[in-house]
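Presented sequentially are two complexes of chain A, the first with chain B as partner and the second with chain C.
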Partner chain A sequence: MSSHKEAIKENSMIIQKEMLAKQFKDLSMAKELGKKVVYTFVPGNLTELILSFDMLPVYPEINALQSGMRKKSAEYIRDAEKIGFSEDVCTYVKCDIGMMLNGNIGPTGEKIPPPDLLLLSYTGCFTFLKWFENLERLYPGVPVAMLHTPYQEDGVMTEDQINYMVKQMKEEVIPKMEMVSGQKYDHARLSKMMENSAKAEDLLVKILESAKLVPSPIDAYFAGVYYIGPIFTAFRGTQEAVDYYTELWNEVQQRIELGLGPVTPEGEIKEEKFRLVVEGPPNWTNFREFWKIFYDMGAVIVASSYTKVGGVYDLGFRHDPKEPLESLSKYCMGVYTNMNLPQRVEMLENYVKEYKADGFLINSIKSCNSFSAGQLMIMREIEQRASVPVGFIESDLVDPRYFSYSNIKNRLESYFQMLEQRKIILKQEATTI
Partner chain B sequence: MKSLEQLLAECEEAAFDLQFKRAKRWKAEDETRVIVGYLPTYIPREIIHAANGIAVGIMGTGDRKQIIKGDAYYQSYICHLPRGIIEMALDTNLEGFDGFLFPAICDCVRNLSGMFKLSNKGKFQRYFDYPQNFSAHIGGKFYIQELEKVLEDIFNVNGVRVTTESLNHSIGLYNTNRQLIEAIYDIREASPWKLSAVETYYLLRAGLGMPVEEHNEILEQVVGYLQNERGEPMDNTRVVVSGSFCEQPPIGLIKSIELAGCYIVDDDFMLGSRFIIGDIDHHTDNPLSALSEAYIHQSTFSSAYYDVGNPKGKRLVALAQRRMADGIIFCAASFCDPALLDRPELQKEADAAGLPHINFQFHENTGQFKIIKEQAGTFSDSIKLWA
Partner chain C sequence: MYKYYLGVDLGSTTSKAVIINEQDEIIGRGITNTRSNYSVAADIARDEAIYNARFSILQKNIQKEIEFNPSYQKYIADLASVFQYEQFKVRLDRLGEELVKTCHTMFADEEKRKIMLGHLIAIRKAFKPVIKHDYLYNNLGSKNQFFRDIVSEKYNEEVNKLEMSLFEPLMTIWDKSISPAENERVQFNFKELIHKAMDELKHKYKNLPDTSTENTSINFDAEMNLLKGNFDQVSDTLRKHIDEIADLEFNIANMTGTGYGRALLPFPEDCIRSEILCHAFGAHAVFPDTRTVLDIGGQDTKAIQVDKHGLVTSFQMNDRCAAGCGRYLGYIADEMSISINELGPMAMQAEKEVTICSTCTVFAGAELRELTNLGEKREDILGGLHRAIIMRAMSLIARSGGVFNEFTFTGGVARNPAVIKYLTQLVRENYGESIKINIHTDSIFMGALGGAMFARRNLNLDLPSVKKVKEMA
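Right, the complex of A and B next:
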């Protein structure tokens, strides 16, 4: 069960903690600081644009996951269900609405101010649309800027689609930002920020790709969710993000030099027994216990799709200072959940091969159709194409009712046994050849 | 000439023909004809018609097909509709279909489009993205581009190019189709006993699998018959059913509501057939633009249509008031995020307007209706008691 030991922290983690503390402090003092507050989503976020207007972004998904980690989500979800939200729907939405009903207290214990603008960057998940339609009614009078991101239906981004997005930004999003912030759109400033974005993105890719080494110096899922935090949220485009990733990359390089394994809350993994690629978001309510099942078994996640929801930088995309609005459009269209299923399968197949994974595992989230619908087909495809054992577990993001520790542990133990068996067989085959 | 009863029986059969025989027969008569299957809710069928095709609504298997393989593709917490559709795709039901369109209504349908792509079903599989920007030169233009992609897909199959005339002609036919459907709803508003909700459902759903010309003929005859008296008025409660959206309720559910003493005076079961309100210009030099304008300005409210500035709660209440409904029955598919996430707001608006409501969830293959019938009966009685 959950360990009560104090987690071991590296310098980059301390830096990130400070960044977040400052962000929530600023948010709690938004009025005094004269800052306007924009609620928006992680996939397809326009953080640089928001920051270029000196506004503060809030990501309700992040609040929901933090509520899950702080064991607040059960109560919030219950309260949302009391006002009519079905048990069946996305728990992030209910957790967020429940948090709002309970005073909108953020992860640092400070109140998150109400939005001045709801920026509905509608990317890769239909529920976002419904979520902000609901918020619009809960915060009457707050303007909503809709940015519709076309789906990569054909697996490509066309000029027409990019033009459609740029036009929406110019005629819908930017005018509303100007109105709310009282500032004019500053192209040069946005462009400058994108230089920082690209620098941080380069570093993030190096960090995530370090997991191609055997043994891997990082866990690209459980630790990966911390690594992506700053760049997927309020800090993309800032110098702080560049500094954070520089520090993190230094740490990873040191670990590579020293031949150390991934850092877990209980120290380094001493022996990498299994390398896995994971599809699907993690569970947040029991995050530490969940992770522990893996590191206790020497299982390291070498690549994951979840760490690509806020951008698939390892496939080559970078924010481009030369054409900031176009590159924001391409960024939005490129995020993992906006990729069509054949693209997702191809990416995961490549991960299994390039990261030399022993297996492919799906953590299917009960309330997230954006990820879950189609996962069983993805699993079959990967099994056939990459010829590795596949595993399947189920949980939820923030609803503790759907996290069954014993079920998950049993399933994973059988899965690891299967991987172990396969390793023995492969070894025997190699020696007989 | 067929009697009303014969027409209704024919429609009942056509509505649930999961082999889509009528559409396949039609296609077999000419080798440039194509069948394009589409999922709920709305597809501008006019463009497919103009390209010498038939747009066939694939509304799920309901309780009429045993799901054997489909369940292996979906976790238990995903709605029922896509597993039935995969079952049909793996079986023979969709053989002969040239392409498939997946309207942008939810992540399940979106990812299903990818599953069809991965398994190469049909000659094309296209996710049909609706714009959520409603300016003609932004979202409207995007919509036209989506229409053009579908036309190109069909052209690649049958070599048929649409013309202004052919598009205008098709738009005209679908205008007639919607006019006739609305005429039936108007008759039922005044005299709901003349045609039950179940019969209406058969009539509308049958139209998803036959040429629009044939459907129009049937509807015209039905409208003619309904000018005469039929059935006896009863002391029933008038309700609007809302939330059915995409996955279809089993007929047993609709029947149960009626048997419990409710006249369903409006509903959104066959949302796609009624999506555009009013006529679309069919004497135009630019029919694609007319279709786009209609989508932007004449769409009904639905869970797939971004409604800030034109809230669906208010539109639902206005509909209920127009139909002189006594209450609303919310009835959405289990695990349907779009429909269920709309529900609290719709209920709030119903409360504000003093419209009583109850709420059910269903699967398309739900088999037990006793509780639903009891609850609908209690609801109906309580309305009568307090009216």
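Right, the complex of A and C next:
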């Protein structure tokens, strides 16, 4: 990384870094602190509930993406393949397993403790089921709690579904948590946390929606993945999260007042040339390189589906202190990957229109069925409904073998030239009419 | 002074150059194999396009005379061929120097060196007249016309005639010499070279037998005789026109580079365009109603959707694997020990299509040998193979949104008749009989043409579609 210039850091970034440092410090000292550890996934997570039992959550897919960013994933994936995982298996899974095989050292260099509970709260990605089956074998005897989240096949959430989810929480999840933590379920405490959740969610929506301004003060994909960090993981429902989002929102407001463009590791984007909506997760192994291609072209991502995997708050959902378990149920069912394809198309179509995007781009992930299924249909629908040029590139989450810089750059260059031409044509048509 | 515009398409296998005039008409085409040195490949393609442009300007200048004198046409065609030979000869001498140089560095022992040099001289003596004859009598036919391919084929033939122990040293000398010889741009003086070609042509006609031999066909004879009787008169009349185009100052007003190697071209940044846009724009220029473009090049297949302006709305390309592209065919041709241009015609003879995988080039080669051993006919295997390539392209087309009327097929592979056969068949099967399928003789030049057209517009939009609407109004 020595060739890169020092990345620009804002105060919110420093705060987030400190939050993460504390989180992993606590994890490494879980035993000494007498805390129990719950492994769970980001989409449809029950973070407030876990925290209300004073337990510490660990998110394996976050560890995998962190390993990808730290250039560790190739080695971890190789080790998982050595013990028999196929080339086609989700690379988050292999990276996570490989990390565990190598001593389970987390992003801060500290050891992540083994799980005291495996909480499978989201089942929309079927790989998650298999992933935890594997973890169960790696940690024999660890209790498993499963919460089955019904898929939004019809695009609506019914009372029955909510009752079904609440029933599972009361009969399966909470009893297991009580057993593991040795504490009783505290309804009032959970309810109180939800107040914080809703506050942070309000702020996050304001931050993400600031990208509706032209030019946009933020990048809602590459920078967006940092913005969603605390609320999608261990901090939802905490005062720290509220403080972080308050600070971030202040920074964004300042940028708006000063008329500044998005912050990137290469510096501020001076001239916004293209506004894009992006579908699909980013590539983590070459994250900065990938981002720089967009930076060099003056392309700003104004909205993305990936920043909705841990909650689609801009569509109105908030955690509700009045009915904590019901709102957790609704939250789980409402995350982006649990929405049916027509809902996703509609959301993305609205993004293109509301955020005044020039184009729609898909980064298709080689090893992620959950995201990739339906992407070509989504692309065609958006092309027709929103009348913007669409682009399609392929890479992977954390397997560096599937990131081909020249191929991606070649496609993106072509795509940006397409957008540029279209702009000229539209301008010409506007002046001739 | 007339203005001309240049487009260079630096592909993974071949480099193409196209020169257009201010009416978007192609007046010059140049093509060469892409070599390790991209800028030499681009220079050679461009030089060739400029020579070719001079010839087409010559034809244009004397269009009327040609109509009345068919012998003029014959003379110009012959001259173009001999002119190519003159260039070839210079390159061959250059290669000769390189072979000698390699021989000197490889063999310290004087005796051994002498023997090798002797063989090299003998090899050269054996094939030089054959190649000359091929050029002078247009015998190169459908074979690849690139210097490297022509010479390597003949060199190989001669080496194979020698004893086995010589094979390895002689082939090593060849491998070490061909690249430096090929990677050097030879600057020709057009006028000097064309005069040489005219002298050579004169010599050819003077020495033609008066009566036809049994081997020559009647047609061939008739064409020859057309010129033979009045050669001097034709030659004298055309000389002043030829000198005129040789002296013509060629003003390239703007240029665009595209293709895989575009970033390496010594062009300013705003003169570099994506090949996807260029192919689409070229296809749109020739067939303005094009909505879907399929381009199969050396290493990638692109399915492109275009709007009424010729602008790309979406595209899909093969990712991670280039099986089913031009190079795949090249590999198969090597496996079968035939030239790449013979593949298509042979596949056209198929009585059935043997199922063959198109997902991996190397495996397809192995499968091919296996099927041959099982007694399948080569033609049928090739039929299956060509169908498999198109099946692969069809899935890419489906990903890009399907085929819309009209459909234009571009790229080097579009010259292959079997590819065209199966493409037509499968497009009709999948998207209906009414789809109009366009394939142009210049399909390999579409990217370069699109580039030249971008160069002419320099982004001051002057679209063919707009022009068409104006014309209609």
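Everything that follows uses one rule, which is that the second predicted complex is superposed on the first by the 429 of 433 C-alpha atoms of A that agree within 3 Å, B and C clash if a C-alpha of one lies under 4 Å from a C-alpha of the other, contacts with A are read in each partner's own complex, and residues count from 1 in each chain.
The rule is short, and it goes like this: a residue touches a chain if its C-beta (ideal position, glycine included) is under 8 Å from a C-beta of that chain, and two chains touch if they have at least 3 such contacts.
All values reported here derive from a predicted model rather than from experimental measurement.
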Partner chain in contact with A:369 - chain B first, chain C second, else both or neither: first
Which of chain B and chain C A:93 touches, first, second, both or neither: first
Touching partner for A:85 - first (chain B), second (chain C), both, neither: first
Touching partner for A:33 - first (chain B), second (chain C), both, neither: neither
Contacts of A:156 with chain B and chain C, given as first, second, both or neither: neither
More chain A residues in contact [chain B versus chain C]: B
First (chain B), second (chain C), both or neither touched by A:394: both
Chain B versus chain C as contact partner of A:410, first or second or both or neither: second
Partner chain in contact with A:381 - chain B first, chain C second, else both or neither: first
Touching both chain C and chain B, counted on chain A across the two superposed complexes: 376, 394
Residue numbers on chain B that touch chain A, as the complex places them: 72-75, 77-78, 82, 104-108, 110-115, 117-118, 126-127, 129, 131-133, 135, 137-139, 141-142, 145, 303, 306-308, 311, 332, 334-338, 340-345, 347-348, 361
List of chain A residues in touch with chain C within their complex: 376, 379-380, 383, 389-392, 394, 402, 404, 407, 410-411, 413-414, 417-418, 421-422, 424-425, 428
Contact set on chain A toward chain B in their complex: 83-86, 88-90, 93, 122, 125-127, 129-134, 136-137, 144, 146, 148, 150-151, 153, 160-161, 164, 167-168, 171-172, 340-342, 344-345, 364, 366-367, 369-370, 372-377, 381, 394
Of chain C, residues touching chain A in the complex: 260, 273-277, 309, 311-317, 319-320, 399, 401, 459, 461
